[in-house]
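Common to both upcoming complexes is chain A, partnered first by chain B, then by chain C.
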Partner chain A sequence: MTATHERTPVEMGMPVRLVTLSVDGQEVSVPEGSTLLDACTAVGEDIPTLCYGDTLTPKNACRVCMVEVEGSRVLVPSCSRKVTENVVVRTDTERVRHSRRLVLELLGSSVDLSTTPHVEEWMAEYAADPGRFGPPAPEDLHRDVHEPGEHHAGDGSVAETMEQPDKVDNDLYVRDYSKCILCYKCVDACGTQWQNTFAIQVAGRGFESQISTEFNVELPESACVYCGNCIEVCPTGALSFKSEYDMRAEGTWNEDEQTQTTTLCTFCGVGCNLTLHVQDNTIVKVSSPHDHSVGHGNLCIKGRFGFQHVQNR
Partner chain B sequence: MILALDDTVDLTRILLRIAGFFRDESCGQCVPCRVGTVRQEEALLRIAHNGRSPGSNAGDILLLRDVGQVMKDASICGLGQAAWNAVESAIDRLGALEETR
Partner chain C sequence: MDLKFTDATAHEDERDAVDRLIGEAHSGWYGGERDATDHRMSYGGHQARSERHLVLEALHAVNDRVGWISPGALNYIGRRLSVPPADVYSVATFYALFSTAPRPKRIVHVCTDVACEALGAKGVCDTLQARLGPPGAASGWKHSPCLGVCERAPAAMAVEAGDPVVEHVIAPTTADDVVQALEVGPATLAAEASPTMAVPQAGDEGLILLRRVGRVDPESIDDYIAHDGYQALDRALEMGPQAVVQEVIASGLMGRGGAAFPTGRKWEATAGQPAQPHYLVCNADESEPGTFKDRAILEGDPFSLIEAMTIAAYATGAVRGYIYLRGEYPRSYRLLHNALHAARKRGYLGADILGTGWSFDLEIRRGAGAYICGEETAIFNSIEGYRGEPRTKPPFPVEVGLFGKPTVVNNVETLVNVLPIMELGGAAYAQIGTEQSTGPKLFCISGNLVRPGVYEVPFGSTLGEMIELAGGVPEGRTLQAILLGGAAGSFVRGDELDIH
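Let's turn to the complex of A and B:
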C-alpha cells in the first residue's frame, strides 16, 4: 500500500456577499450582515457608543450612535441597523450633531458620567452643556420605591437626576446607580444572553426606572451568583469591583500605573482567560477578553473574584 | 391630532398636563424620551411659575425646541417622537409661552 498524502480540510465558512453603501460620500463595501456602525468604522468614522456591547445583542437604548440615512424619517441607531445595498449614510449632519449633543446633555445632566470612558472628549466635540437644565436635584433616598399613579412634579427649579446612595451590600462588588444610564447591558448579561441567572431587571418605568434585584433585596439575598459578568459589560462604572470602589474612595486608583496580564484561569478545566489588572503588585480587578472563544468575556465567581489567595504573602 | 379649546383656557397649564402625561407614559428604554420628557416638563414648570415679563422665557423656549427635536429625531417609538408635538404647535402657531399671562 502506497503512502497517501493526508490533507486536512480547511474550514472556509459560507461565502459572504459584500454590500456596497455610501458613508459621508465615501463608497465602502462590507460583508452582508454588518451594521452601519461596522461600515462607518471601516471608513474611519469614530461613532460614539454607550449601550452597544461587542458580546451582546444591541438594545438601541442610549441613542448616541445615531446617523442619518437617506429616505428615513427619523435618525437610525448605527449599532443595530444592518447595511443594505446602496444605502446613503451621513454621520456629521447638523441633525446628527444636534441629536448627539442633546443625548449627551440629557445624560450628563441626569447621570454621574465621571467614570465613563471618552465622555469628556465627546462633550467637547459636540459642545454639550449638561448644566443648561439647571442645578441638579439632591440625592433621592427613595428611588427604589415605585409608587403607582402619576409622578410628583416639582417646580422646575432643579434638574432631576439618578443621584442616589451607593449600594454596598457585599465584599465583591458595588452598585452605584447614580452612574447608571440604563443601557440594559447588565440585565442582558445576567439574563438570556449569557448567564441565565436573572438576578436583575429594570424596575419601574420612565425616569423612575432602576436596575433592581427581585423586590429590591440586597445582593446576598438575591439570585446573584457573583459571576461579575455585569461589571464586565457596564459602560459607565456604575458596577465596579469593591477593590476599585475602595481605592477610588481613598484616591489611590490609578489606571496609568496598572498593568494588564492575560492568563488562564486555574480553577477548572474549561479554559477561561483572565486579564489581571495589577497596581503596586496587587491584583485590583479581573476582566476577561471579549474575543476569547471559550468565555467571550464571561467568567464565574472563582475566575472573577477568586484572586485573594495569590496575594497572601 | 386636533384638540379644540376656547380662548379662556390657560395654554401653559394644558401643555403642562400634556407634558406630565408623556413623562408618565415614557417606558424609559431610550434616553431622548426618558430624560427628554422630564426636561420638557421642568422647562414648562419654570415658564408657568415665572410667567409675566415678555422675553424672559426665551432660554427655556430654546431648551424646549432642542429637547423636542432630539425626542422627535432619536426616540425609539412614536410616543417619544410625538412627545413635543403639542408644545411645538402651541409655540409656533399660537405664540404661547412667550408672554404667559
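Let's turn to the complex of A and C:
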C-alpha cells in the first residue's frame, strides 16, 4: 500500500457555521472553531510553527506563530486563537517579523536546531542572526540538578545554551535535550492528551527547565512504555529512534534516499497504520499518519519499535 | 490510577507529615498497606484525582518537616494523591523554597534583590562566603529574590525544618545573624520588628486603608470590631449582591495588582456567569522587588482582608475563597490563620453567615517561592497542584478560572478598598484621587531614605512629595536615582521628582 491518505475513513461531524475574516487583506471563510492558523493556511500564508501539533492542544510555548490582530494590544498566537467574525489579521507586518526574528534568534542561540525542519528557511526569511549573542556556552553537566531561584548570572562572554550530554539509556530511543525547545509536546503526548503514561514532565524553572522523569531516573526505571508517541510529536529531533541517532553519528542517515510506506500494523487487530521509513532496504524509523482515524499518529511499543524481525536476514 | 513508582519509600517523619495533612491511607490504592481486600476492590478515578490540588500543600508539609523532599517522600505524595511521580517532581522543582536534593534542616535565604542590595546585601553575602563558603546545601545559606521586607533591608529568612517548622524573618540582617541562625537556630534570634514598623504613617488621622494599622491588635477580632470592623459587611448584606457590585462600579476602583482593570466590571462579569460554583482568589503573592504593601495590611490589619473577601464573595456568588499567600511571609500566614479561625468561630465565615442563610469559607494556600505565581492564571495552576505557569488567555478567569470555573482574582490592596466603598458609598469614594484613578493608593518606598515604608496617598501625588513623606535621603547624601516599579520598572534621575 502506498502513502495515500484518501482511503482513510472521514469522520463526519455536525454541520458548522462559516466565519469570515480578513487575512493580509484577503477575505476568507473558515468553519467556526477554526484557528487563525487554519485561516492563514487556507489563504496560502505559510506561518512558521514549532510547538503546534496537529493532534495536540496548543500550548503556546514557542511564540513563532504570532500574528497581529486588529484591536489587540499584543501579538496573538495564531495556532490557538479561534477565528471570530470580521477579525482583521496581518501576518507579515514589521512588528510580526521583528517578533519572529527575535524568537528565532533566541531559540537558535540556545538550542541546537540542526535537525529542525524548515528552520534554515525561516532564519533566512526573517534575517535572524542567532550568533549575535556570542559563541555558544559549552556543555553543562548539571542541567538535571534543579535549584529554582538560584541564579547563575553569566559574564556575557557566551550565549547560554541547552548543551548537555545526550541521554542514551535504552535500545529504542535517545533523548538529546540540547535540541529541546521545551514545547511540552512530548509531555502532552505522554500525559492526558494521548498515552496517559505520565513518564515525563518539565522539571526546574525558567532557563534551567528540562524535560525529566522523577529525579531524572533513567527511562527503564521510569513509567515509560516506549510507545514512542513523544518522538512522533517532537518538532526538533531532540527525541529520535536509536537507529536514526546511530546512523546520524556514523554519517549514514540520508532522508533523500529513504522511502516511506504506509501499511497496517499486524501485531493486533486494532488497525493502526504504520509508515515505514526505509533506507537501503532496511527499516530505519517508524511513524504513523496523524490523520488516521484509528491511532491519530499514536502507536504502541510493538508498532513503533517491533520491526527488527522483518529484517532478520 | 495505575501509576509506576520507583522503589524508594518514605521515612516515618515524611509519612507523618503528609498523613497529618490528608489523613491516614485507608488502602493500598491510596499509598497505604496493600492487603487482601485491595485486590478485590477498585478505588480511584475522579475521586482520587480530585485531590491533586493538595500536592503543593503536601510538598510544604514534607519540606517543613524534613527540610527537603526525598524520592521516597515524593513517591508517597504521588501514591496518596494519585499523581504521577514525574508530575510531583515537576511541581517540587518549580519552587525556590523547596529542595529535591538533601540539605540540612537549617537554611537561610539571604535577599539579594534591589532594596537589599542598596543597603548592604552584597557585604553580607561576601562575609558569609568567607565564613561559611559558597551558597548551597553544604553551607546552609542561599541567595533569595525579594523577601518583601524592603523597609528593613537587608533581609534574610531563616528556616529550621521540624515539628513545628520555625520560620523567622531577620530584617535588618547581619552576617552574624545568619551564622547564628545556622549554628544555634533561628528560634534564638531577636523577635521580628512589629508590623507597624512598615507603616510610618500609622496612627495618623485621615488614613483610609491603613487607618487601623498600629491601632488595632491584629490578633483580636474583638479589637477589630471595636475599630469599626465588620461594618462594611453589615452594609453589604443590607444592600444585596447586585447593589454591592453597582457601588464598586460607581467607585471607579481599579485593580491595585498592576493591571488596573476596573474591579466592578470584573465582579459583574463573574457574578453573571451561569457556570457554578464561582470562586474568589485573593492574590497575596506580591513578589515584585521592592513591593511590600500587601504585607503591611496582612500583618497590620488581617481581618480587613477577610471582611473584604467576604463582601467580594457575597457580591460575585463565590462559594469558596482562596488566599494565595507568598511562602516568604510566615508572619502574615500566622496572623491570617488566626484571623480565619476567629472569624469562623464568630459566624463571619462558614455556614449561614450572620444568620443570612448564605455560606462562604476561605482557606490560605501558601506559595513556595515563585515570582511568576503573582500572575493570576499561574495562581490557579499553583493552587490546583500544577507548576505555577501562566495559562493562555482567553479564556479569562471570569469565565474559566480556578478549577475551570468562573473566578474573581483580586489583589489584597484592591480588596481592602472595598471596605471604604461600602462605608462611604461608591460616589463619595470616587471623589478621592483623580478622575481617572479614584481612591487612596499605597506606595512602597525603600532604599536609602530616612523613613522607608508603605505610604497611603491619594492618586495624583508627585514622586517628590512621596520622597519627602519618607523623609528624603539621609543627611549629607544626595538622591541619585529612583527605580519606579520592580523588575520591569524604569529608573529616573534624582532631579526628576515632579512625575505623577
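Methods note: the second predicted complex is superposed on the first by the 298 of 313 C-alpha atoms of A that agree within 3 Å, B and C clash if a C-alpha of one lies under 4 Å from a C-alpha of the other, contacts with A are read in each partner's own complex, and residues count from 1 in each chain.
The rule we apply is simple: a contact is a pair of C-beta atoms (placed from the backbone, for glycine too) under 8 Å apart; a residue touches a chain by one contact, two chains touch by 3 or more.
Since the structure is predicted, the reported quantities are computational estimates derived from the model, not experimental observations.
Chain B and chain C, once both complexes are superposed via chain A, clash. For chain A, the partner that touches more of its residues is B, with chain B and chain C as the two candidates. By the touch criterion defined above, A:80 lies against chain C but remains apart from chain B after alignment on the C-alpha atoms of chain A.
Once chain A of one complex is fitted onto chain A of the other, the partner contacts of A:58 are limited to chain C, with no touch recorded for chain B. Look at A:134: by the touch rule set out above, it reaches chain B but stays clear of chain C. Of the two partner chains, chain B is the only one touched by A:156; chain C is not. Within the superposed three-chain model, A:307 lies out of touch with both chain B and chain C [touch as defined at top]. In the superposition on chain A, A:102 makes contact with chain B only, not with chain C.
Overlap of the chain B and chain C interfaces on chain A: residues 59-60, 150-151, 202, 204-205.
The touching residues of chain A, when paired with chain C in their complex, are 58-60, 77, 80, 145-151, 198-205, 212-215, 217, 221-223. For chain A in complex with chain B, the touching residues are 59-64, 66, 74-75, 95, 98-99, 102-103, 106-107, 109-110, 132-134, 150-151, 153-157, 159-160, 181-182, 184, 202, 204-209. Taken together, the chain C residues at the contact with chain A in this complex read 3-4, 6, 71, 74-75, 84-90, 93-101, 135, 142-145, 369-370, 387, 392. Looking at the complex, you find that chain B touches chain A at residues 16, 20, 23-32, 34-39, 41-49, 63, 66-67, 69-70, 72-76, 81.
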